[in-house]
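Each structure below appears as structure tokens.
Same chain, two partners: chain A is paired with chain B first, then with chain C.
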Partner chain A sequence: MTETAAVRRHWREYLSISPFFVLFAAFSIVPLIYALYLSTQQWDGIGDSKFVGLAQWQRLVASNDFWYATGNTFLIFAMGQIPVIIGALIAAVLLSQPRLRARGLYQTAFFLPQVTSLVVVAVVFQAVFSNRFGLTNVLLQAAKLPTFQWLTDPWGIRIVIAAMIIWRGFGYFLLIFMAGISAIDTGLYEAARLDGAGPVRILGSITLPVLRPTVIFVALTGTISGLQLFTEPQLLFGGGSGPDRGGLTMMLLQYQYLGGPGAATAQTAVTPDLGYASVIGWAVFIILLAIAALSFRFTRRGLED
Partner chain B sequence: MTSITRTGSARGTSTRTRRRPIRPNLVATHVVLAIGLVLFAFPFYWLVVMATSSTSDIFSFPPRLIPGPEFFNNFGQVLANTTFVQAFFNSIWLTALTATIQLFLASLAGYVFAKRRFPGRDRLFGLVLVTLVLPTGVALVPSYQIYAGLGWLNSFWPLIIPSAVSAFGVFWMRQAAVSAVPDEVIDAAAIDGAGFLRTYWTVVLPMIRPSLVALGIFQIMWTWNDYLWPLLVLGNPAQYTLPIAIQQLKGNYGNVDYSVVMAGTLVATLPLIALFLALRRTVLDNVAGSAVKG
Partner chain C sequence: MSKIRTAAAMGAAAALIAALAGCSSGGSDSKTVTIWYRPNSLPAASIKGVQKQFPDVTIKLVKTPDVDTKLTSALRANSGVPDIAVANTQPLRSAQSKIVDVSKYGFASVKSDYLDWKVKAAQGDDGAQIGIPIDIGPEGFFYRVDKFKAAGLPTDPADVGKLVSTFDGYEQVAQTTKDKLGAFVCDSPDSSVYVPKTFGQGYFYYSSDGKLDPGSAVNKQGFIDATTFGQKGLCLNAQPYQSDWSAGASQGKLVGFVGPAYEATLLSSSAQNSSGQWRVTTAPGGSSSQIGSNLSVFKTNADPKVTTKIAIWLTNATNQASGYQTDRLFPSTPASYSMAAMKEPESYFGGQVTAQVFAGIAKDAPTVTTGPASITTQTVFNNAMIDAVKNKTNPSDAFAKALSAAPTAQ
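Right after this comes the complex of A and B.
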């Protein structure tokens, strides 16, 4: 009784926060539940759907395409994420030196790719790495080195996509690591310096250990969005997966089974099946949830005041 | 703030090293950073070169390495493509609209979570935190079917409503209200007779302005560059947003007139770069706080 009275008295508060909860329920929770129903169906999206029980899940477990896509996603992602974190750490340490000039210029230049659309990144990288007239091959030719078929070799594809991840993500990691470094108590540095520690020793014994939680947290949260890799391969191959499926990712596979634009015309076209696409969606959700659960342990510490 | 005090104190304590006129490790630092700078600026430079050259220049050997005189010619062809021009305006109004809605709803919820007391507040905010790291939105099919059922295909609704207020926005705005709005100010407003909305509008909003600007820019970046859902739901070329229009431009001209694609791409990139450069400090200072976005 008193509870309803309290709720009624605070209706403005509840009304103010309700849009988030309503939208989250309607467009995040409901789709996930609906996907469970869809996963029991076989449906090309046009005709009638057919109940198939758990056959789509069995298909997922037994299939080679989903596991190939999963492995390939992790592979490409690691090829981009690991260099970007190491590189950004080095740059953050360099840029955090006192008395460094043009700090703002470097920060701005490194962050600028983050503002750029992935579509733009894909268009430019495709031009730079194009097999015949791309600048990389022109330079290799000029240096009398053998050229490389970047966009038709599966490893070339992975390298190009990883390069896009590095180029676009570097500035973001850099700024976060710099903020982490600037939060380190300067007394620690001075004490270490008085004890005769050199710059390398200070880096290894103070900067890196203090930054460790930041690095782990950012790496994990970045992984959740990073593993949803889709735009780069979709654009490079117009909805297909590229030669030898070198650009196939989990989200791209789901898009192909959904019958998204361009997917049907690709060399590696698949027959649209919305039931199977739903199962893929759930599998991606479970994989990312496991990573999110891991990062939530770090999040709690960082978010609660 | 902390970085300023840190460099300040370091400056004061290390007078011994300051006497040396040339510091070799600073020079080495600049060399390393400058190499990185050139590598990172290069794709932008190359975009400019390609957008200002003719297609035959791009495909000649050796290729043209400096910007050419063809930009207006290329750009003219982009303008002749009505889909692209329409997409530019679509992106502008859609981005402005989603950013406005996000800022309003997120700051209102953030203020309520930070400064109002009501039953269940902390538990509800805990829920917001959980959804912040929950990877929802990966299930494309059911969302697509729901939009279809609502009659939202070939419309902008799927790009406006579902993300109208994000967990990140609410979290971000609550942090801003907690740290920038003292309780005494809220109490004083209440004593002056200001009601709920009035306090939000005239007291809270002005005090959290930097955080509003930062969230606004993030939201602008996300909407302007969004690709997957516009690609799936916008079937009518008159509705395309810029990323979709570029992709179409690439499909139509890619094999014939590459420089036109590049000119369009360059033009689509410039508004956000200009906005970012204008509000550089606010963005750079606030990105660290957005680490949770992931």
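Right after this comes the complex of A and C.
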């Protein structure tokens, strides 16, 4: 039987698995190839495009805006994503204590921000941290403490974005860690306690080592999503980057070069260039790939011991 | 069994095809005219009456909040482009080949109905008319009578207008309200000082011969003066449409500002508690106006004559006059200014007929030369100004830095 005949004979099977492949081709493969083509062009998006070869890559390396955005992304990542993962791990251990009551209540309360619309979150954070009349500054004033320009100081902006990441991501990581902890055999704990181990020793010698695959999973997915930070600053500054570009991230920069926000009240300070935007996309891809490769090696070594 | 499997496979395939088909969109024929508009960007009378006026065609009005983005996407994909859209005209210039030059299809004969500078601002390369004027944003000085009285300042619009007619006078008023009331008559230096200083000279980052010119003396002076003004602590430092702006207006911290006519909507919705206390008068530095939107007609329709005719009707003087009270769209058609709809006193402004104040400003406003990079350049300088005011950077240094980040050649 030839191969075509085999395909023909099993057409139903091929057809039934085709949706994934068709969608994958339509929304991933084709755009990817197109992005490769676009990276050799200079195009404002509506007029005629112009072939420029590798000039967009030269522009990426030479211009400071992408490197600034990259540095800023890592900075916000360090301020938001790393604390939230560590915090969620500690909270998960505490909430997994067998004697704890109303566990469901805590889980629900912590998970709630995750299902809240980010748009709403951004509007609330904007109001809470607004410079003159925001809740935080009003409270600081009432307590006779100096107020802080949360949304106009670049560090204030980073803190607010990091706070949004922490507030929103906490419940998600908590849930994953708690699921990991609940899978640990309770017999191990009993044996440890019989041997006279205290809570700290149990955490260090049982919980954390057994939880290692979960921690690695969370670290990897958390890193990839954290470095693609976009929605929070985009909503906070209506597509702009905020004063002193304190809220500029790699993905936000790409969005700005893609043509920006479009709302009459917020404009970007860059001239749209789809070629440059797709080069930024490729650069982000390369950075994430490098990080994933590093952590893959790290993971394998971790699981082999 | 096999039949069920076949049916299931067929069903899945059909669903898939349907899902993918959703990605494309149909074209339009000459009997259907699709109009995209931002909410409140067309007068209610135009929207209501257009179908009745043109019974031979089917008119589809699509309210599109982010019309500029959608339009760019449609033009990029070359599919789903509407026949008429209300949009920022200048950024569309690189797609000029897809836009109808309406002067060839009947606009030339009605051109004189619209403000001359506004008509010019809607032109593309080689003088092609790629936009039909709709609203403009004449700049006025909004202020609160009760607060001005408390600060010992005059309250009559004519007197206040005279007082703030120069930027020195404006600065004195700003100092007075700040000292006596702890309140501001400037929202942010870019909108209250920089805009009147530059637009008042007909400058929007292009020289009068149409060349991008961010380094011009007008820009430098305007930027430095506005930044200095802001660094003296005379502004609330809040941008219109931000929550700090609205909070400042409602809590009596913002008691005056320079802004275009359409910001009256923002004001009355932010500060309902001070209704009746606000007035409008002429802004510092003479008359100036923000450009506002235009209607563009696209080459999607087989009959551009009809679509142009519809676009002209939508923006005629009668329709535009009706748009002032309801949607705060200030007409670009001078004939509207003497119509009854624009002579009604407004209770929010203590019975003042604001339309007449703005009408005078609109007629005197200079021609503003604009181009594709105007808005982007403005954003660069506005951001630089906000940063410079906050960081107390030397204004000349801040200008030089912004200039190096500004778009070049377009």
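The definition used in the following text is that the second predicted complex is superposed on the first by the 275 of 305 C-alpha atoms of A that agree within 3 Å, B and C clash if a C-alpha of one lies under 4 Å from a C-alpha of the other, contacts with A are read in each partner's own complex, and residues count from 1 in each chain.
In this section, a residue touches a chain if its C-beta (ideal position, glycine included) is under 8 Å from a C-beta of that chain, and two chains touch if they have at least 3 such contacts.
Not measured: the values here are computed from a predicted model.
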| item | value |
| --- | --- |
| Touched partner set for A:Val218, first chain B, second chain C, both or neither | first |
| Which of chain B and chain C A:Gln97 touches, first, second, both or neither | first |
| Chain B versus chain C as contact partner of A:Pro233, first or second or both or neither | neither |
| Chain A residues touched - chain C or chain B, whichever exceeds | B |
| Touched partner set for A:Gly80, first chain B, second chain C, both or neither | neither |
| Which superposed partner A:Phe133 touches (first chain B, second chain C, both, neither) | both |
| Touched partner set for A:Phe111, first chain B, second chain C, both or neither | first |
| Partner chain(s) touched by A:Gly156 [first = chain B, second = chain C, both, neither] | neither |
| Partner chain(s) touched by A:Ser28 [first = chain B, second = chain C, both, neither] | first |
| First (chain B), second (chain C), both or neither touched by A:Val270 | second |
| Those residues of chain A which chain B touches in one complex and chain C touches in the other | 12, 16, 19, 23, 26, 127, 133, 261 |
| Residues on chain A engaged by chain B in the complex (per definition of touch) | 3, 6-7, 10, 12-14, 16-17, 19-21, 23-24, 26-32, 34-35, 38, 87, 91, 94-102, 104-121, 123-125, 127-128, 133, 135, 138, 142, 167, 170-172, 175-176, 178-180, 182-183, 186, 189-190, 199, 214, 217-218, 220-225, 228, 230-231, 234-235, 238, 251, 254-255, 258, 260-261, 274, 277-278, 281-282, 284-285, 288-289, 291-292, 295-296, 299-300, 302-305 |
| Contact footprint of chain A on chain C as seen in their complex | 5-6, 8-9, 12-13, 15-16, 19-20, 23, 38, 66-70, 72, 75-76, 88, 92, 94-95, 236-244, 247-248, 251, 253, 373, 375-376, 378-380, 383, 386-387, 390-391, 405, 407, 410 |
| Residues of chain B touching chain A in the complex | 2-3, 5-7, 9-11, 13-14, 23, 25-26, 29-30, 32-33, 36-37, 40-41, 43-44, 46-47, 50, 58-59, 61-63, 105, 108-109, 111-113, 116, 118-119, 121, 124, 127-146, 161-167, 170-171, 178, 196-197, 221, 224-225, 227-228, 231-232, 242-243, 246-247, 250-251, 258, 261-262, 265, 268-269, 272-273, 276-277, 280, 283-284, 287-288, 291-294 |
| Touching residues on chain A, where the partner in the complex is chain C | 12, 15-16, 18-19, 22-23, 26, 44-48, 126-127, 130-134, 149, 152-153, 240, 243-244, 259, 261-265, 267-271 |
